[in-house]
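Two complexes follow with chain A in common, the first pairing it with chain B and the second with chain C.
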Partner chain A sequence: MQDNILEIHNLVTSFASDGRKDRAIAVNGVDIAIPKGSTVGLVGESGCGKSVTSLSAMGLLPDNGRVESGEAIFCGRDLLKLPDRELRKIRGNRISMIFQEPMTSLNPVIPVGKQVSEALRLHGGMDKETAKRKSIEILERVGVPEARRRYDNYPHQLSGGLRQRVMIGMAMALKPDLLIADEPTTALDVSIEAQILRLMRTLQRESGMSILMITHNLGVVAEICDEVYVMYAGEVVEHADVYALFRDCAHPYTRGLIASLPRMTPKGQRLYTIRGTVPNLRAMPAGCRFAPRCERACKRCWEEKPLLQDIGNGHLCRCHAPVGTNGNGGEGNG
Partner chain B sequence: MGKYITKRVLVTIPVLLGIILLIFYMLNVVPGDPVTVMMKEHLKEDVIENLRRTMHLDDPFFLRYLRYVWDALRGDLGVSWKLNRSVTALIATAFPYTLRLAVAAALFSWIMGIPVGILSAVKKNSLMDHLSMGLSLFGVSMPVFWVALILQNTFKGVLPVSGANSWQCYILPTVVLGWSSAGRIARLTRSNLLEVMRNDYIRTARSKGLSPLRVISRHALKNALIPVITVMAIQISSLLSGAVITESVFAIPGVGSLAVSAINNRDMPLLQGTVIFTAVLIIAGNLVADVLYSVIDPRIRVE
Partner chain C sequence: MKRTQKDLYTDQLSHRILDAEAEIQPDAGIAHSIVNMFRVNRAALLGLILILLILLLALFAPLVARCDPDAIDLVNLRKPPSAAHWFGTDDLGRDVFARVAYGSRISLMIGFVPSAISLVLGTALGLMAGFLGRRVDALIMRLADVVLAFPSLLLAMVVMYTLGSSILNMFIALSIINWAGTARVVRAQTLSLKEKEFVEAARSMGVSRWKIVFRHILPNCLPNLIVLFTLDIPGAIMWESSMSFLGVGDPNAASWGLMVSQGKSYAYMCPWLILAPGLAILITVMAFNFLGDGLRDAIDPYMKT
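Up next, the complex of A and B:
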């Protein structure tokens, strides 16, 4: 217990939309624990609630979002109950975030160096000159060439990869205990992605921070994560360490995700796809939320909601008929 | 930067020539012979002939246009038919009144408009927001002459309602003229700020732990005010060229009143002069807006 830097318990987050009275539940009872010093992946397709989970914990939900219940324990304090003032002392200081789109996540009218030094001045209490010197050091550290000159550049003058390095520098400025990276490489091309992931790993080794890596890319997960949570339609459906997940994934959804990765297979084979789309947040199936798309779904799956159960060695799975057991459905061809 | 400004200035030259050509042509085809306008009572043949010659009225159109442009370049906009004084001098006399009113109205509209817009955006959908947006809409939509008459009626006896011989005279016209500008600026500030607040970089700023006040003042406002500043620069140039209706209603002897009297008197050179003066100011306003834009928004800056 005490080894976790952040523990999210039973988080429920809802969103209001225009002209409707009922609120859509985007995150429905999520439990996540991030051990100190490790990298935890949070995987799922767009709209499954993975970003909302992290934004809820940080108190950064948009105006129409609201945390309904749950807790997010960081160093013994529940972030969800902290007054905004206290939460602001943690944000950017002990927990930092990196976002997906480095172009829109940096302020277009403020030089990038200033954006890095801002957090230093706010939380580190540095004066302007010290913060500037420190920021240039940080920019060099995250691999921005000619950092002194780049300090005065505006975001549009940098490439996507450099912008993401600046974002990382900004997030790492105060050596946070936890870095939440929300799809940090999705907008970058593959070679840059590898560089950025390597950089994050190096920085993690140096500082011993924990990382929550939010992604839909299983390649990134395999590259960098120690353990993984798989989310589907606002719920965690599987949790395991990264080796167990790729070797013996138990949930049909996870298996579908892994199966749909392109591989070095003989020519002529079609890539696997999961049929159908994510169910509407306001019209969730009564039983298992994945049942309408599942090849193994049986009557029970449609009627009874499965619970997240330990299927051995701390491997959790939310399924009546996990892969590898004698399920009621067909075997599929994953 | 200097290169950019030079380029922008050079572009204005053909625009200005085109505007002069258009005005010159339009006033040329308007019915009514200048000489008849000038000397209604004594119409002797030889006098008319003589005048037409000295005024070059029989020359071809294009020659007269070129002559006018050449004179205008040297600051000579011709002589008023009615008042028999140099148009340039008449505008120079009237302009200080217009300038005072324009500056006062512009300041009024900025000091009211921007803070009200920011507050409305921050307190979106509150009573304050609805009230100030209602007042803004009212200011934007009400005809100026109507607001002017209502205010004159309401404040007669308390404030001077016409003339321009003391600073108090400017209070009502400033409110009348500034109200609609203030409304426009408030609405624009509000909608821009709300839009900017939805951006990813605002979330980044908040994720750094900045207070809501700093997020707005350091990260949102600069982005939100870029379009507002453009509107402000263009607005002040149109205010400077004379608020025709406001000046007439409040009997302020500015450029607007001058234009009205020129129309009433069929005083073509004077009308031509005031219109060209207006055009120059508006072109200059646009130029200033463009330059300001590139100063504030680094993305526009030409490398």
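Up next, the complex of A and C:
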């Protein structure tokens, strides 16, 4: 398919941990496609493998991580097979990332403006003067007030919101085709979060880039994403466009996530929670990985691993008994 | 897309918030913070002034001391301090003040040179160990462990005995016992820095490994290295004094340590023979320690961002 900027096929990533021979599989056969110009959300709770998926594609796994199989096709090239030197040309230039912690994502000993212009010079081949002028423009563009003065400021002199703006400016500096945002607003308070999301949306409209938004915040997803992938325990469990997902989510896990959002319901009601915790990566249930926590789990769920299947209009769900259908493994069958 | 009234309102609001944010912090750099530290921390200021005075003394020793430090005067042996000889004379009738003044050159050199060598060596090895990890790390760190496991003084003395007593060999001996500490500190910093998000961010921007080491990791170690360096200098001066006192120093380099060593037989009768160089050592070492502590205080908050 030509209209996808990045396609990840059957990605498997494992991690070694101290003193153990067997490797923990953190990402188990993930397929993700990011259409050109759209924003795709990757949602799941901590440790479900959403960050590892993006780091694998970028070749940025820590030393103990390893991609076992799969491919990540970006503009006709498999990122997972590119040598480091080639990959470096793509990183920052064609694909940029922003990270969760604006507090620590900037080098504390280099003025922020300089960091932006270094990003420009790294791939853009600009001279110092041009890069400086350009970075001041960029800082203004991402809403840093008094950009000229801010250029010489060190990161500790900026607030979290401003730092995240600088990070976005840096990531956007070279007009990438794809921006991977790994929980970009988690460390910010909600009003700043709204500003940052608005900024990202505006920049996207201007440049036509695609965004992969990694988050555990369904509010962010609803705000900014076109399509959503929901991950659970290293697998994609549901994929749909954002309206379909919020209107009729099919996987019990997604339903649990949405149900556990605080609402403006009358006082005194307990918030819904998904019972239990994510199973250990080394001791996954044989059947559905969500079965131990699922209210709808039946015998089949414990024994047979469900496949990711189309339940209509490209809405994918990994469940024997999707919510809202009377699937072949449904409640009556238990 | 059409902008609604609400959009406009949030825009205005966000600008107001941003303007407020912009006013939060006045411009201040690390240099600024160091200057501020001197204003508050009197001990560090005293240390700095003393160091400058000692440097001037070393530089202008011939002007300050009116006598030749090596001129033997057999008529005036072991004379107590007087107007002619401020710190008295030693057992060969040499002027103790002149010897202390000229000795500052040797002692400062002993302080600076091995500290600089071990700084460079330790930093390079520490960066390699921390960044490359695995076998390189294991090799360098075991080597450092060996050096640190030896009693430093003994190791330095063995080196001096093996290579012979000269000031150059003193530099080598002191560098050998000092690099391991620096390497450990730098390695530990590198290990923590390379997991920092800004290093990951740099990698995600396509920055090469060497550039990450020199542009992102080393500069972040630098403040600590400055502190380490200022605290290494008095250490080296003390080691040299101890070794000279024990008789393994360079007998021709009239360092303060050697002077104390030579004066020790007359300690009861002529206390000025050991008091003058001893106080010089004390003041110099204290000055560097005060300065180092102050610098650490000034630099520390920067490392927490």
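Convention: the second predicted complex is superposed on the first by the 326 of 334 C-alpha atoms of A that agree within 3 Å, B and C clash if a C-alpha of one lies under 4 Å from a C-alpha of the other, contacts with A are read in each partner's own complex, and residues count from 1 in each chain.
To be clear about the criterion, a residue touches a chain if its C-beta (ideal position, glycine included) is under 8 Å from a C-beta of that chain, and two chains touch if they have at least 3 such contacts.
All values reported here derive from a predicted model rather than from experimental measurement.
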item	value
Fit-or-clash call for chain B and chain C when the two complexes are aligned on chain A	clash
Which of chain B and chain C A:S191 touches, first, second, both or neither	second
Chain touching more of chain A, residue-wise (chain B, chain C)	C
Contacts of A:A119 with chain B and chain C, given as first, second, both or neither	both
Contacts of A:M97 with chain B and chain C, given as first, second, both or neither	both
Partner chain in contact with A:V109 - chain B first, chain C second, else both or neither	both
First (chain B), second (chain C), both or neither touched by A:G143	second
First, second, both or neither for A:G161, with chain B first and chain C second	second
Common interface positions of chain A, toward chain B and toward chain C	58, 60, 88-93, 96-97, 99, 101, 104-110, 118-119, 122-123, 154, 156, 167, 170
Interface residues, chain C side, partner chain A - complex	1, 10, 13-15, 17-19, 21-22, 24-25, 27-30, 133, 196-198, 200-208, 215-216, 219-220, 222, 302-303, 305
Chain C-touching residues of chain A, taken from the complex the two chains share	58, 60, 63, 87-93, 96-101, 103-110, 118-119, 122-123, 143-146, 149-150, 152-159, 161-162, 167, 170, 191-192, 194-195, 198, 205
Sites on chain B touched by chain A in the complex	198-201, 203-211, 218-219, 222-223, 226, 296-299
Chain B partner contacts - residues on chain A that touch it in the complex	58, 60, 62, 88-93, 96-97, 99, 101, 104-110, 118-119, 122-123, 154, 156, 167, 170
